[in-house]
Each structure stands twice: as structure tokens, then as C-alpha cells.
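Below you'll find the structures, each written out as C-alpha cells.
First chain A sits with chain B, and in the next complex the same chain sits with chain C.
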Partner chain A sequence: MLGIKFTRKLEVSRRANLTVTLISYVASPLVVLAVLAAAGKSPAIALDALYRGSIGTLSGFGESIVQATSLMLLAVGLVIAFRARVWNIGAEGQQVFGAISVTWFTLLVLKEPWPGYVVIPIALLLSFIGGGIFAAVPALMRSRLGINEVITTIMMNYLAIDALNWLVRGPFQDRSIPGSYPESPVFPNQFSLPIILRYTDVTIGIVIAVVSCVLVYYLLFRTPLGYSIRAVGLNPSAARTSGISVNHVVDSAMILSGALAGLGGGVYILGIAHALLPEQASGIGYTAVVVSLLGNVHPLGVIFASIFFGALISGMSSVERALQIPETLSLLSQGVIIVIILIIQVFARYEIRRA
Partner chain B sequence: MKGIVKRFPGGVIANDKVNFDLKAGEIHGLLGENGAGKSTLMNVLYGFYQPEDGAIEVFGRRVHFRSPADAIKAGIGMVHQHLRLVSDMTVTENVILGLKSPKGFLLDLPPAEKRVRELGERYGLPIDPDVEIWQLSIGEKQRVEILKSLYREARILILDEPTSVLAPNQIKGFFEALQNLKQGGIAVVLITHKLDEVMDITDRVTVLRGGRNIATQPTNTVDQKKLAQLMIGEDIPPMTEKARTLTTETVLQVTHLRVYDDRGLESVKNLNLNVRKGEILGLAGVSGNGQRELVETIVGLRKPASGSVKLNGIEISGKSPREIIDLAVAYVPENRVEDGCVPDFGIDENLILKDFDESPVCNMVAGHIPTLLNEGEIQARARTAIADFGIKTTGPTAKARSLSGGNLQRLVLARELGGEPRLIVISQPTRGLDVLATEYVRSLIVQQRNRGAAVLLVDEDLAETVAISDRLAVIYKGEIVGILEPNRYSPEDIGLMMTGVKRMTQEA
Partner chain C sequence: MRTLAVIDAASISSLIAAIIELSVPMAFAALGEVISERGGVINLGTEGVMLVGAISAFSVGFFLHSDLLGVLLGAFAGALMGLLLAFVSVSLRQDQILSGLGIYFLGLGLSGFLYDQLFSNIGSTIRIEGLPKLSIPILSQIPILGGSLFSLDVIEYSAFAALVLVILVIGRTTFGLDLRAVGENPAAADTLGVSVTNIKYIAVIVGGALAGIGGAYLAISAHAFQAENITAGRGFIAVAMVYFGKWKPARAFFGTFLFGAAYLLGSFFQVVGAMIPYYFLLMVPYIMTLLILVVIARGARQPAALGVPYTREG
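Presenting the complex of A and B:
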């Protein structure tokens, strides 16, 4: 019709993928500016604020990394599930459950004079296990009973959020001050993750996240378990015919995915929140779905996608302050970016020629 | 239809100057083996395919159908083997699907409902128009498909193997409905490979073989024996005694096996079969007679209802596919792309599909705990396979998706034959392959037999089965109806057995 022909490529080259990803990264800030300009705001001020809030200043950069940290852990977990073609939409609930596990343990040892290097590793391990257990429920429901995991994982999110809201008003609430907020007691200082970049809130959490991505890369592409996860995701029928237990693979992928989300929740509470707050359920689990797609469902791609998204979130909050715009407008531009990126990625799969 | 020629990419001639005529108010049987060109010819008539040559006249008018929509307008309806209905819609909604509503934007269901009911009563195809499709049995769904054509005022109705999905007791009612249609002046084409059906219901019969029209005759002038001969032909090579080391050691022993198919129908019934060491046992039969279920049960993908499957005396029915693979059973599935490989994996990754967590493909700690994949071993294996099996490709990491049919089959064989299997179960090994690849695959099978493997060859290509098998078993409706040795064999017997006319009581 337009004199342009689309043909689906047999194989998408790595270069085409990379090019398209880079284009979407560069195009995104422009989209933000366009949205703001359409809303009658000065694009020049917006651009300046976006730059300073994301990478232009030390505090902006720090905040970008902070925002990227938990996101990265959640997203790389989802990569494992998505590679097995298990649609885990429950990272939100799994990270909340990870944080609840950490709080439970921390409150137990609150009065003990245990040093951080003992408490922190145990707490993080518990968040990892907690997230895994929380994901095991929908995993078993899918593999043993054939119940669609999209529905169960979403329902489990509500379960986790309601449990969170009850705990911070009930058993976990800080009752030391009368009429206090719905929050757990603040954790002692020695239980906080060590900061690795001075004058910022960047903790060792980002190192944990990046290392996790590299480990997941090895898991998926260098170990037999990862191989079977990819085989089941790409062709479950051939995998079954070749003797791979599809149920076992589905379980493993979902549980590992939830465990990494749980760890993400643990890193957030020990690194940033230092207490269990209702805001632990911030919707990060849904953003992680987008980030894992943006990272080409690849563990190393997720590193860049998370940092990009962290920078975007941090930059946009600085734009909000500079232009006095409501948060909704910045959320709107984020949404537009996501849609545009997904559209651009589709183009990578097609050869575009003049008819 | 005169001189219809239809070629498919790859040089396959599905219809070679076929003439076909159909009279109003007759039931015309279209008979032939799988791949004889029956469905292709009818899809040409239905406008689904465009012929390269030949002419079609419908009711005396020359027509050129560009799509089924044109054919439907000309009064032709077709019911495919796989029914195409929307299961969450009612019967009426399915029937009017795609038609313009007389009320424009709004649906006008009540009159349509009334007509569906009337048509059903008139032709003996009773159905409740209000019921949703998912609540119906397969036989009732078929009725809906027929009503859909009748609603569009079809005068010619093509039915593609309609009885293959029906249980025996349903077939009777279905045939009565066909008689009613005939009374109503509708011409019915019945595509089938079942001789008894042709004899029972048709007025005339056309036999296709190898894409050619072999005969068109009034049904009362032929008998089943004659039809079987026409269908199978005389040009099957004689089954010869092959040079092989005679052994009596039984590798695979199937006894009293009963298996249900996906629809819950018993598709393997009290089946007995032995495959000996160092022989190729060819399983001949028209597809859909339980071959698939039998094969899937042997390799562990399907659980039998009762009976036993033994490998060298060890019971394997009920074991997982993995356990059976570990007993040195190789399986080359009939669908290479869907079951035989992971198209988006490279050749290297596809070759380790069965032993990716075993040494030497995987490094081990403490003897049995898998750690990292052994990249060097995987690449070496891929290079060896490409060289040994002559896979034409750009390299070990090329995706399986990029391979041609013949090269993909070489890849699957390279993987399956790698571990010197005791038993090889192989389905449709050369379907869709070119001459060169076909020759190669056959030679590989024979080579494995000579090495001492037991081979169960499930093949719709009768000429091929006869050419390379040491013994031939004929399967019909889930039972072995005869075992043929080279010295006690006639093509006519095979034809009669495959179509259920004749059976030998001799046990396998």
C-alpha cells in the first residue's frame, strides 16, 4: 500500500537487535520531551532536569543506580521464567514476600548484638528462599494441575500485598511510639547494606544484582538446567519427546525466578527502606516485566535495560520537581516510551524494503 | 474437471492430468492411498488451490476459482478432516459466521435459527441450534459443518474422510444423512481410503493413484478386491529376501496392548508384535489406524490402558521417555520440525537434546553432579555429525530452522543413531524428502539393521516399506491383521489387509 514491503526474517541478527535497542534508548528521552512540549512545558528545562537527574550529577547518577538495583534482580529472574515460556507476572508479590522474610528474621534478632556481616547474608538468603517458596505455589499449580500461571501469579500478588498491609498494622508494627505509622520498627544501622559510592545511596546491592545477571547468563547458556529451560521454552513437544521432564523444568524456572525477585525485595528493604513499609509494594514487579523484554529477555541485556530504566525514573522525578508537573504526567511519558520501544523492537524482526 | 494439473514447490506433482466428473444426486467415492492426490484434487475444486493446467466446469459453466469464497458462491461446500468451528459460539452463530446479516450491522439470529433447524430436519441432521459447539460430540460437530454448507445453498458437498473421526455406531446414522442429501439432489464427494464404505454408500467410485485417475466406475461393477488392486497398483517391487544374519532374539515384544487416543477412543486394540534383533519390521497401514498411538506408547509418550511392552524382556510400558531412552531406544518422530528438533537451537544444541546432562556433554563433579556444559565436546560432536551425515549447512551453530527437510532429517538421525541403539522406532523417515536424501536415509536404516539393531519402521509409503523391510506387519483399526514374510507375499494381500478386507490369523 505504501510501497513498502515487510518480510519476516528467518533469523534476527545480533547486530540488528543491538541497533534497534540503541535506537529505542536514544529515542526515549526525545519522546519524553515531546510529551512535555505537548503539555505546554519547556523542553529545554525538561532536558536539563532529565540530564541532571539521571546521569549529569553524582546524586542523580546515584539515584539512577538505586532505582536500577532491585529492578535488575526482578527482571533477570523473569528472564529465566520467560525463557522457559512460563509467564510469571508475580515478581511483585515474590519481592514483597522476600522483604517480609527479611523483616521476620530481623525482628527476631533485633535485640541481639549480632554484627551486620552475620545478619545481612542470612537475611538475604532468607529473602531468596522466601521469594522461591512464594513462586513455588503457582509453579506447582501450573505443572501439576495445569492452571494458567498468569492468573495465579497475579492473584498471588494481591495475596502478598494484603499480607504486607496486615503485617505492618499488626504483628510487625512498631509499637514503641504511640499512634505510630503502619510500619515495622526501623532496622538498626549495622543491618543496612554497605554503601559503595560516597555521597549516594548506592549500596553493595548493585554488585549483587550485576553478579546475579552474570550468573544467570552462565546458568542459561552454560549449564544443563539452563539448556533444558531454553529447550522447553522453544519447543516443549520436542523437549518431551527427547526425555526432558517439562514439569520439572517449569517448576525450576518459576521457583528460581521468584527467588531472584525475593532477593530483589530483600536488597530493597536492607538497602533503601530499612523497615517494612506499605510502599514495599510499589509496582516494581510490573515494571520488571517491561525491563526484561527491553533487555531482549537476555540476562546481560537486562543489566543495561535496568540501568536505563533506573535513569529514566530518576530523571523523570527530577523533571517533575523542576517543572512542577504532576507525577501522572511523568508516568504517562514512561508508558509512551514502553509502547514505542516495543513497536521499534518488532521492526528488528522484519526486513523492510521498497515494494 | 478436465486435465487438472497441480504441482507443489519441490517438484511434487500431486495431480497429473486428472479428469473427474460428478452428477447431481450421486454419492461419488474418491478412493486412494495417502498422497494419491485426493485431497489436492478436491481442494482445487474448492478453490483452495489454483491448478497449473486444466479446466473446471460447474453446472455447465466454466469457472476459475480464486478462493474458496468463489467456490462457495458457485454452490460448492467442503467439510475438512479437521473441523473448523468456534467452540464458544452456538451452532447458529457458527453457521452464519462470515455471512452478511440481512439487518446490516445487527445480527438477526431467530430466522437463521429457524432455517438451521429446518435444514437439519429435512436432511436428517438433527441439531439444537442454540447449543454451544463445545458441548457437542465430534459427530454432531460434523453435522454443523455440513449444515453450514447447506445454509449457503451448496449443491456439491465435498467430505474429506468424514468417517475417520466417527465411532462405528455413528457411521450408520451419518450414512443415512448422506442418503437424504442425495435424495435432495445434492452431489456428494466422499474422500476415503476405506473400501467397505465405498461399497456401502457410493454410486460411483474414482480411484486415484500417484496423482493420476486410474478408474472411474459405477460401484456395482466392482468389488473390494478389484478396488484394492486399483488402489495399491501392481508396481510394488517384489519383497526380496535380504542378506541378514538370522537371529531369533526378540528385542521388542508388544503383547495384548490397548491404547486410547487423544479423543478417548481405543485406537490400539489387543495388539501383538515382535521385532527381532537385526531385522527391519515394516508396519504397513493406512494412516490413522493406531500407528501413532502404538509408537508413542513404545517410546513412553503415551500410557497404555493395558497390555505390555517389553524391551529385551524388561517391561517398559509406564516408564518415562527418559528411562526408555536410557535403555538405548532411538526414536525418529514423523514430525521432524515439531517433535524432532528445536528449530531455534543450533545444530550443535540440537544434537545434545537427549544427553545434555550426561558425561561427556556435561562436566561432572564427584562423578554424577552435572556442572557446566562441555562446549568443546559439543562443538566437536556437531562437526563430526555434519561431516559424517553430510548435513549441508553454514556451520555447527546454524539454526535447525535454516535446514532443508533432508538436512534436518540427517540432523535428527545423527542424534538418534549416535549411541548405537538397540531398538530404533522410526516414523515416515523419508516423507517430503528428495530422491537423494531418501536414498541416504534408507541406506542408513539398513546399515543400522546390519549392525544388529532392531528397527520398527512405520511408513505410509508402501513401496518403501516393502523395499527395505525384512518382514511386514499390516495394521488395521489398531490390530495387526497379518505378518508377511518375503516368500509368502503378494501385493494384493497387502492391499486387502490394509483396507480390512482380509486378515491372517497367524500371530506375530
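Presenting the complex of A and C:
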């Protein structure tokens, strides 16, 4: 239709991949500035605020890492699913369910405040399990009944958000103050994740996230399950012929992916929120999809992509404050960034000639 | 919304009318999705397309006081989103799921951004008139059904007209034949001289326009616009209804009426001051979607080449 011919390259070179990724990185902030300019705002002020809010100051840098932490856990989970070509769009609901599990444990199960070094590991483990259980529903629907997981995971997201909104106004609500906000009581101090960078909110969560990425790398590229996941993703029928149980792989990939998202939710609530808030469902699960793409659907790539995106988000909120613009701008930029990445990827994967 | 009227009059007639009004946005989107998927392209971004249609229509309705012109612009905006999806997923052959997600984010962000730009400085309540109901003489006098089925607004009538049109086009025209061939076996269609790319472009663009109309009608029939996410999953439900309808236009179309009824139930309980927590009622449509998918999963056969980018061999 366009008079251009695309031929799929048999082998995508590492260099082409790297170039594409780098271009995406450079393009993303440019996109944001272009959108701002189109909205009639000064790109110079925006650029300054973007710099100071992301890497230019200690508080900006700390906020960038804070933003990157949960995002990294969610995105690396998605890498597992996406590698098996299981399109888990449900990280949002899974992380909410992880946070709900943590709240349930700390507020309702614990009758007396145990020390933090006991509670935190149990709570994080519960968030991991909670996210996995929440992902098991769409996993089984896909593997046993062949139901498109995109639709089911999105429906599960809406369910989780409605459940969250009900819980913070119902069973979990802080009733110590009359007419209080829709929030759970604040957790005892000793349940907060330890801060590792002074004068910032950077917690041990970032270490958990990076270690998770390395473990996922090991899982995907050094274990039989990882091999099966990649095989199913590349060619399900060939994988089946070679004796791999595709159902089992789909289940494992989706549930592990949900478990990591749940852990991301747990790290967020114990590290930053310290209570169950309606803002737990902030759309981070959708941003994680963009991040895992930007990270080239690779566990180690996700480390850089998350930090980059965390910086972008942190920088954007300082731009939003400086120029007094709404936060929907970030959402818009994310949409544009996905489309641009998809378009740029074509240049690495196809040989383009005039027809 | 006619929820209050439902409770006051408590008549079956206005109940049906309310269900139709709540279903039509999803019904349009489902019709669009059927066309797109019969041509082999999943438009997962329908939700985003509806949002863009909604904000376009609402802006025109509010600033230019013409709701119908708004619907037209909504259709046009939807078509543009369809064009973008077609370019990325058909010409560039990128994964349709990811392309659709990109369209969703784009629509979500664009509609929120435009809303903030256009309406955030307006202090007074932001409302529009909505479309007048047109009663068909004699038929609208039929007891119970007449008052609801023959006293609709022009977009609601158009929805039923669009259903008939889509059934005829897919089943009875050369384009429909080409469309189905492209969705089932693009290589064979290509051999017979059908331009696979053109057919897919048309299918996705028309599908986008229909989803745009659906979003437009959603905003206009609500008379008001919330800042973000006015669709609240209706676009995704429309996609699910295409599965439910086994890619048949009429089944997908009327499948959305189940959801119209579910939404009505939600707002009904909200008004009477429910014993059931409000958020559980909000969950009903999503739980219904999951259950329906489980029940319908067996025996559904999708177009053979659905989701697969076409590359001519050799």
C-alpha cells in the first residue's frame, strides 16, 4: 500500500537491537518535550524541570529510584510471560492483590506487632503468593480453555481495583478517626522496608528488584523451565512436538509473572505507602508493559529500562508541577512511546526497500 | 441516564429503553471489532478508540452545540486511530496485541489530556443536551415495547441499522467475501488477486470508526464527561463479546445488551441505597465477562488467520 517492501531479517543482530533500544531511549524524552511544545508550553522550562526532577538533584534521583523499584519487579515478571507469548496485561490487578495480601496479614492476622525482621519477609512472601494466585485464574482459563488472556487479565484488573476501593472503605478502613479517608490504618513503623540511601525514600526494595531481575535471567537462560518458556514463545507447535507441555509452561509463566507483580505491590506498600490506599492502583501495571518492551523483553534490559522510566516519571511530575499541567500528559507520552518503539523496532527486524 | 425515570415509572418500557441506551456504545464497538477480526486483525485498542471518540464528540457537543456533528467527528477520530493500528500491525507487521495496547494507551492519554486542556478551566457544570428521542408514529403507541423500541434517538436507530448493514456486507457482498477470505486464508486470497493489505486496512479503519461512534454515543448519552476513563472497560467488554458472539455480528451485538442490563442493575441499586456494597455491583459486568468466556470457550472457532501478520512467500 505504501510502495515500500518489508522483508523479515532471518537474524536480528545484537547491534541492531542495541541501536533500536538506544534510539527509543533518546526518543522518549523528546516525545514528551514535543507533546509539551504542541500544548504551547515552554520546552526549556520543561527540560530544566525534567533534569532536576530525575537526576539533577539528590531528591530527584531518590524519587527516580523509588519509582523504578516496583516498576522493575512488575516489568521483569512480564518478561517471563511475554517470552512465552503469554500476554499478561494484569500486572496492575496482581500488584494490587499483592498489597491487599500484605494488608490482610499485617492488620487482621497479626494480633500483636511482631518485630519487623519477622513480619517483612512473611509479608513479602504473601504478596508474592497473592499475586501468583490472582494470576492463576487467567492462566488456567488460557491453558485449559484457550480463552484470550488479554481480555481476562484486564477484567481481573477491574475486579482488583473495585475490591481495593471496597476494602479501603470497608473492612480495612481506619476507623480510629471519625470521618476518615478511604485508607487502611498506617502500618507500625517497624514494618517499613529499611532505607538504604540517606535523605531519600530509597529502600532495600531496589535491591530486591535488581536481584529478582538477575534471578529471572538465570531462570530464563539457565534452567529447563526457562528453555521451555522461550521455546513455547518462539514456536508453540514445535515446542509441543519436542515434548514440552505447553499448558504447563503457560501456567508457570503467567503465575510467576503475577507473583513478581504481587511482590512489586508488596514492596510498594511496605516501602512507600505504609498503608493500603486507593492510589495503590495507579496504572503502574500498564506502565510496566511499556518498560518491559523498552527493556527489549530481557530481564537485564528491564533493570535499565525501569530506572530510565522511573527517572522519566519522576522528572515528569516535576515538569507537571513547574508548568502546572495535568498528569494525563504522562499517560499520553506512554502511548506515544509504545507506538514509537513498535515502529522503530521494524528497522531492526526488517530490511526495507522500495517495492 | 434514565435510571431515575426507571424507578419512578417502574415500567418495563423505560427499562428496555435504558438498557438500549447503555448497550449501544458497546454494540457499535463490538460490530467494529467483528469486521476487524473477520479480516484477521484483533483491535485490542478498542477501549482507547472509544475514549478518543468520546472526547471528540463531547467537545463538539459542548462547544459547537451539535451532538450529531460530534458523533461524526468521533467516527472520524476512531477511523484515524484505526489507520494508525493498521499501519503498525498490517504494514509494519508488529504484534497485534502490543500494537493494540499502544492504541489503548494513546487513546487513554489523549482523551485525558484533551479533557484537561479543554475543560479544566470551565467552572460551571459541563453538560450537554443529548439527542432528542424520535417517536415513530403508530408503532410507538404499541403497549410496553412501543414506547421503548420505537422511541429512540437517531444514533440508537442507527445502531440497529448498522447491525443489518454489517450482516449484509459480510455475508452478501464481494467485499464481505474478500474480508472473510483474508481472515481465513490470506495466501489463497492473495493468489486470487485480492489485495490483503487493502482489505485489512479498510476493515480496521471501518472498525475504528464504529468504535469511535460507540465512544461518541457513550459521552453524549451520559450528557457529561468524567475526566478520565469514561469507558471503564466497555471497549474490552466489546472485544470479549466478539468471542462470545463467535465472530457473528448479531450475537456479538446482542451480547452487549447483557452488559447494558448489568450496568443498569448497578446504577439501580446505587439509587435505592443498596444493601449490597456499591463496589460489588461495579464488579458484575467483569465477572459476567469472565463467566461468559468460560461457558462459551468450547466450540468457538476464530478466523484461522486471526492475529497473524501476512507475509507473501517468495
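Everything below uses one rule, namely that the second predicted complex is superposed on the first by the 331 of 355 C-alpha atoms of A that agree within 3 Å, B and C clash if a C-alpha of one lies under 4 Å from a C-alpha of the other, contacts with A are read in each partner's own complex, and residues count from 1 in each chain.
Please note the rule applied: a residue touches a chain if its C-beta (ideal position, glycine included) is under 8 Å from a C-beta of that chain, and two chains touch if they have at least 3 such contacts.
As the structure is a computational prediction, the values presented were derived from the model and not from experiment.
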Message: With both complexes overlaid on chain A, does A:Tyr158 touch chain B (first), chain C (second), both or neither?
response: second
Task: Using the touch definition from the top, say if A:Thr241 reaches chain B (first), chain C (second), both or neither.
output: first
Query: Touching A:Pro224 in the superposition: chain B (first), chain C (second), both, neither?
result: first
- prompt: Looking at the overlay, what does A:Ala27 touch: chain B (first), chain C (second), both, or neither?
  reply: neither
- request: Please determine whether it is chain B or chain C that touches the greater number of chain A residues.
  value: C
Message: Touching residues of chain A toward chain B in the complex: what are they?
response: 10-11, 218, 222-224, 227-228, 230-231, 234-235, 237-245
Field: chain A partner contacts - residues on chain C that touch it in the complex
entry: 44, 48, 84, 88, 91-94, 97-110, 112-113, 115-117, 120, 195, 197-198, 201, 227-228, 232-233, 236, 239-240, 243, 277-280, 282-283, 286-287, 289-290, 293-294, 297-298, 311
- request: Provide the residue numbers of chain A that touch chain C in the complex, in ascending order.
  value: 1-2, 4, 6, 8, 39, 87, 89, 137, 141, 145-148, 150-152, 154-156, 158-159, 162-163, 165-166, 169-170, 286, 289-290, 293, 325-326, 328-336, 338-339, 342-343, 345-346, 350
Field: Complex contact set, residues of chain B against chain A
entry: 299, 301, 320-322, 324-326, 331, 333, 338-345, 349, 352-354, 356-357, 362, 370-373, 375, 399, 401-402
